[in-house]
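Each of the two complexes below includes chain A, the first together with chain B, the second together with chain C.
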Partner chain A sequence: MDYSQFLNMHDEISLIAVIVILFLADLFLCGEHKSEMASKAMSLLPSGLLLLQTAYIASALICPCGNGIVDAFGGMYHNTPMMTLVKVVLNIGTIIVFLMANNWLKRPENQVKEGEFYLLTLSTLLGMYYMMSSGHFLMFFIGLELASIPMTALIAYTKNNQESAEAAAKYILTALFSSGLLLYGISLIYGTCGTMYFNELACKFDTNNTLQLVALVLFISGIGFKISLVPFHLWTADTYQGAPTTVTGYLSVISKGAAAFVLFTILFKVFQPMIEQWDIIMLWIIIFSITIANIFAVRQNNIKRFMAFSAISQAGYLVLGVMGGTAQGMTSLVYYLFVYMVANLGVFLIINVTEQNSGKINISDYNGFYQTNPKLSFIMTLCLFSLAGIPPFAGFFSKFFIFMAAFNAGFPVLVFIALVNTVISLYYYLLIVKAMYIMKSNEPIALFKSDSYSKIAIVICTLGVVFGGIISCIYGYIDILSNLSYGM
Partner chain B sequence: MDRLNDILNIVLGIHVDISWFLILSALMMFIGIYGFLTRRNTLAILISVELMLNAADINFAAFNRLLFPNGQEGYIFTLFSIAISAAETAIAIAVMINIYRNLKNNFVGNLDKLKW
Partner chain C sequence: MEYTILILLLPFLSFLFLGLAGKWLSHRTSGLIGTTVLAAITILSYCTAYTYFTADRCADGSYATLVPYNATWLPLGHLNFDLGILLDPISVMMLIVITTVSFMVHIYSFGYMKGERGFQRYYAFLSLFTMSMLGLVVATNIFQMYLFWELVGVSSYLLIGFYYTLPAAVAASKKAFIVTRFADLGFLIGILIFGYYTGSFSFDFVNNLQMAEGTTPFIPCGIDKAIAAGGFILPTALTLMFIGGAGKSAMFPLHIWLPDAMEGPTPVSALIHAATMVVAGVYQVARLFPLWVTYAQDWMPIIIWVGVFTAFYAASVACAQSDIKRVLAFSTISQIAFMMVALGVCTEITTGHEHAGSIGYMASMFHLFTHAMFKACLFLGAGCIIHAVHSNEMVAMGGLRKYLPITHATFLISCLAISGIPFFSGFSSKDEIITACMAYSPAVGYIMTAIAAMTAFYMFRLYYGIFWGTENKELHTEHTPHEETIMTAPLVILSIITVGVGIYTTLAGFGLFEGYSFGSLISADGQDYRIHFDPSVASLSTIIAICSIALATYIFKGETQPVADRMYNAAPRLHRWAYKRFYMDEVYQFITHRIIFAYVSRPIAWFDRHVIDGFFNFLAWGTHTLSNNIKGFQSGRVQQYALVFLIGILVLILMIL
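What follows is the complex of A and B.
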């Protein structure tokens, strides 16, 4: 066997290197009694190393040698520049999550398990890398499981908290159920086609084959659990509410984004002959996701639960890019993912600092927030406006592009329903803004100063929200990469 | 397997082909789904899910043995899926022990702190 093939997987190998270094650092630096130095090093090291790794894999995008498409292990591993770009986006999100988590991890009860948080998070990230760059269903399945098994441990991170354990139980049971369905679907694909390589599968599908249709349905439901689209969303609200806030932020953006991108590539590559069938399935799933999640979001009081329903509805918008499987759809999906990531993480950052400093997580607790913390409430408003899609924030442009892609793919009715739902979503996002600015409260959340790591993350998110839409070269650049990698 | 098939063929006059395996695995799959939806103990739910995963494994092995005997893809997939389901079960049981410590029982009806 040719071991030099491993070196073709730049992104994954560099991430594994980061994980190993962090593991050793955790071994020698962490413990019951940490010195000041070790504690400082442990907060800087993970984000710093991940930043270096991001720069390393992004350098391949700036000066591409050849067409940038990498194959290894006989097609098991397949990477295009577009996938590398999505990995860079996910990395940025993970860095923001690390900055967000820092203050929380320094608490006395989390001191001993500080390193574990970083290791588990990076393991799930590695799983998503492999899931995206897979060229074979085995690789895809292993990546998917590597992304979801450590996630359970992250959700149950606060060990003595019953809510956290309950959320983890609900997550792992539904994840197991969905992987059971997915596995059965893959077995039917293997039985009807005799191979599991993506590039060999495409020509072996036949729309009249019932087993293959069942396989398609099982595949969509298996991955629908991961993206938490509407009939498969029931775990989402409970898990998001019970998990630690940083983990909720990670769950709502990073794992969802990776799964949505994989859904696009596999539907396009493998299920290409069945495009009419999966277009209809996705059409109804998107309509239900957007509408039902919006209706449920209106009646929530816990802000994490509220954001869970908002995330389900945003996932519906995200997979609008899948419709029709066009290059434009791929571009707008990745752009939407980027914009959604900065806006959603911005909201979660503010929820997190508020929870850390005052312990309050209900929407009614935010009454009078503007009087005491004007800067934070202003930034939260920007992020919520971006999520709702109000110009000139980035969210408007991302929604516009994704609607345009779905419209050009030939789904005007779907775009119309999505537009109507944007208005409903504006209503419930404004409920929070109203609580912060207009509602009076006898005991508002007192003025607090957020820690410097969170501040850096908040600045990154705010810049992304404000300038992500105006700087048009971002979309143009994604479009170039998308056209380069389309169909590969 | 082939000898067993011959014996069955001679003694009982039946021929075991792919459909037997598919019926078995489909039955296991749906027994698993039924159990997942109706059981009230989290450990019983876990056992039902194992049935579902094993049903898929039977499919892989049977397809490889009877339809595509030239490769090893199905067998390898089965091995990996067994290993992964073991990892999943390990972490699920860890979560359940954690719940048991808090609640002193393991019934899904008691997991009601997070609702609506």
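What follows is the complex of A and C.
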């Protein structure tokens, strides 16, 4: 075996290096009694290393060698510049989550397991990397599981909290169930085609083969579980509510984004012959995801539960890019992911600092928030506007591009339904704005100072929300990469 | 020429900085920052002009159109929104006009706005306006033009309403915004029609286009496609765009906002409502002129007759106004109408002075330049006067020449220029316009000559009313009117430009300086512009101008004005009509309040309140009810979740089998 092929997996190897370094640092720096220095180092090291790693993999984008496409182990591993770009985007999101988590991890009850949080998070990230860059169904499955199982541990991170434990139990049970079905689908594919390599499969599919169609549905359900699309979404609200807020943020953006991208690439690359069938399936899934999530979101009071339904509906918009499997769809999907990430993490950052400082997580608790914390309410408003798609914030442009992609792919009715739903979504996003600005409260959340790590993250998110849309070269750049990858 | 991007960026940054950090800065610092930035971009514009006009020409001797910068801002599939910079003779000329006048106004405002509340805000808005106006003139496509067009409208709105505690200023700013927005609707529809049928927004129809390396190439205009779709499409689109231009340039009947806009600070009136923004409409027609002349020649009389009527209407109203800024406002409307007419009578775009049909285009752009300079000078002069006597009414003035000598001299120079006296800049440009009109149709030519005579008359009525006549001693006893150097310096500079250009072009017109002409700067279509007089036209208009000045002197110069009183008594109703601007505002009031509000808005409001709101209330109610009914799905039991999961899969499988 040619071990040098490992070196072709730049992105993954560098991430593993980060994990190993963090593991050692955790081992030696964090004993029972941490010194001031060690504590500081443990705050800076994960974000810093991940930033370095991001820079490293991004450098391959800036000066690509050849066409930037890498294959290893006979096609088991396959990476394109577009995938690297998505990894960079996910990394940025993870860094924001790390910054968000910092203050919470310094609490006495979390001190002893501070390092675990980073290791588990990065492990799931590694799983997503492999999931995206897989060239074989087994590889894909291993990546998926690697992304799921540490996630359960993360959700149960505050293990003495009953809600957290319950959320983790629900997550792992649903995950196992969906994995089982997915595995069954993969076995059907192997049984009918005799291979699991992506680049060999496309020509072996037959649209009249019932088993293969069942496999398609099972595949979509397996990945739909990760993106939390209706009807595979029911775990979402309970898990989001129970999980620690930072983990919820991570779950709602990073793991969802990676899965949506994989859905696109595999549907496009492997299930290309069945495009008519999966267009129909996705059409209904999207309509139901957006609509049902909106209907549920309207009457939530717990803000994390509310964000869970918002996330399901946003996921529906996100996978609009899948329709038709066009290059424009891929561009707008990745752009949507990026914009959704900054806006959603922005909201979670503020939920998190509020929860850390006041312990309040209900929408009604936010009444009068503007009077006491004007800056945070303003930024929250910006992020919510972006999620609702109000110009000139980034969310408007991302929605616009994704609607245009679906429209050009030939789904005007779907775009119309999605448009009607944006109106409903505007309504419930504005409910929070209304609570913050208009509603009066006898005891509003008192003024508090957020920690500096959260502040940095908030600034990054705000910049992304405000300028992510106006600076059009972002979309243009993604478009170039997507056209490059699309041909292959 | 890549540095041209700085011309747009610097004022934008200055706007952001002054807007955000202004409240921590002193008046002096913020004013200095704004003025320094303006000085920098003025120098940059002059450099650009110098480089551009001395650069190598194309083979046929015309200037190339350079696009040093162009990038796609919003990709829309086949139709892109680009942002960029396009340099051709008219845009470079506009760069000079805008930066020069804006720079003068920045300096002047130090004196005029001294101690005002919101001084920093004022300079921030001035920067915003300058940026938007520059962005408008260098636009590489109609959409960019529209974008900055609206930004210009916004900054105009902000500046008119600068004294936001005065109800009149607030009302005027709203009026200006609504009227121009209404006209812009036409512009927008025109753009959309144009973009839909030609598949492009870009100005790629201009001559000798040279794209710089690394710029996004223009999507070519499918003019042929538009023609194939129907011969009336392009003319309709152009006419709709002209409506937008007419709104911005205050053409009748969309002129009603401009006189009220004088509620803003006077330097703002000089910059926005005299020299730069109001000519945006003329500039827009000039920019699209190759299309007009090639595809919509039959529709161009619309431009001419709107222009002629506006020029006449505004001139006659100006004869009866008593507020000096109003007189100047109507004079501006009338002069802009001259530029419009000049464009309308132009029948070809080909070059050289043997082509009589193309004089109008160049004359229009030339008049735009000269008018910007002397009208800015007049407005700033009026600002000095208002600053000195604290009133806009002519009654409060009279005999001011002793107190304000520099203002008096520069005001006189500008009055002579606008009247069309030889050796002043207005003479050359106005004469060109009349020559062009004569070539098109003698009737238009004679009407325009008559309006030019009216111009001379009302300008000198204004001049004598302010500087001669009876002094209003009561007002002047409390404090003697005086002038400040920081405010007179810009006046002197502007009047030097007026006289310098006037002497040069007049002499050039008489055949001196053959071969090298100032007209290169004013060149409109890439060729040098040669000043050339038609002796009969020139002598006729000069004689007429002198006659009307003499008439005005006879009537208005004296301490008492028996002739004026007699004229007033002879036709009081006419005077009243003219004073009330022929009741145009009342007509608008009637149409909007009595007809539109009552018969259109009210039913729509009812429909909105009951049907539309009802629908949305129904939607909200439905969502809530549905939400309550299906909450059982979200039970919290994992077994049920798995069941739904499984049923979902089965349904999907059944769907595709």
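Methods note: the second predicted complex is superposed on the first by the 487 of 488 C-alpha atoms of A that agree within 3 Å, B and C clash if a C-alpha of one lies under 4 Å from a C-alpha of the other, contacts with A are read in each partner's own complex, and residues count from 1 in each chain.
Operating definition for what follows: a residue touches a chain if its C-beta (ideal position, glycine included) is under 8 Å from a C-beta of that chain, and two chains touch if they have at least 3 such contacts.
In this text the structure is predicted, and so the values were computed from the model without any measurement.
> Applying the document's definition of touch, where does A:188 land relative to chain B and chain C: first, second, both, or neither?
So A:188 only meets chain B here.
> Between chain B (first) and chain C (second), which does A:69 come into contact with in this model arrangement: first, second, both, or neither?
Touch status of A:69: no partner.
> Taking the superposition on A as described, I'd like to know which of chain B and chain C A:404 touches: first, second, both or neither.
second
> Would you check which partner chain A:170 touches, where first means chain B only, second means chain C only, and both and neither mean what they say?
It touches chain B and chain C both.
> Would you sort A:298 into first (chain B), second (chain C), both or neither based on which partner it touches?
second
> Would you sort A:210 into first (chain B), second (chain C), both or neither based on which partner it touches?
The answer is second: A:210 touches chain C but not chain B.
> Have a look at where A:475 lands relative to chain B and chain C in the superposition and call it first, second, both or neither.
In the superposed model, A:475 contacts chain C only, not chain B.
> When the two structures are overlaid on chain A, which partner does A:238 contact: first (chain B), second (chain C), both, or neither?
In the superposition, A:238 contacts both chain B and chain C.
> In the superposed arrangement, what residues of chain A touch both chain B and chain C?
169-170, 173, 177, 181, 237-238
> Residues of chain A touching chain C in their complex?
For this pair, the touching residues of chain A are 169-170, 173-174, 177-178, 181, 210, 213-214, 216-218, 220-221, 225, 230-232, 234-235, 237-238, 277, 280-281, 284-285, 292, 294-296, 298-299, 328, 397, 404, 408, 423-424, 427, 472-473, 475-476, 479.
> Inside the complex, what are the residues of chain B that reach chain A?
Contact set of chain B toward chain A: 25, 29, 32, 36, 42, 45-46, 49, 52-53, 55-57, 59-60, 63-64, 67-68, 73-74, 76-77, 80-81, 84-85, 87-88, 91-92, 94-96, 98-99, 102-103, 111, 113-115.
> For chain C, which residues count as touching chain A in their complex?
71-77, 619-620, 623-624, 626-628, 630-631, 633-634, 636, 638, 640-642, 644-645, 647-649, 652-653, 655-657
> Could you pull out which chain A residues touch chain B in their complex?
It comes out as residues 137-138, 141-142, 145, 149, 152-153, 156, 159-160, 162-163, 165-170, 172-173, 175-177, 179-181, 183-184, 186-188, 190-191, 194-196, 237-238, 241-242.
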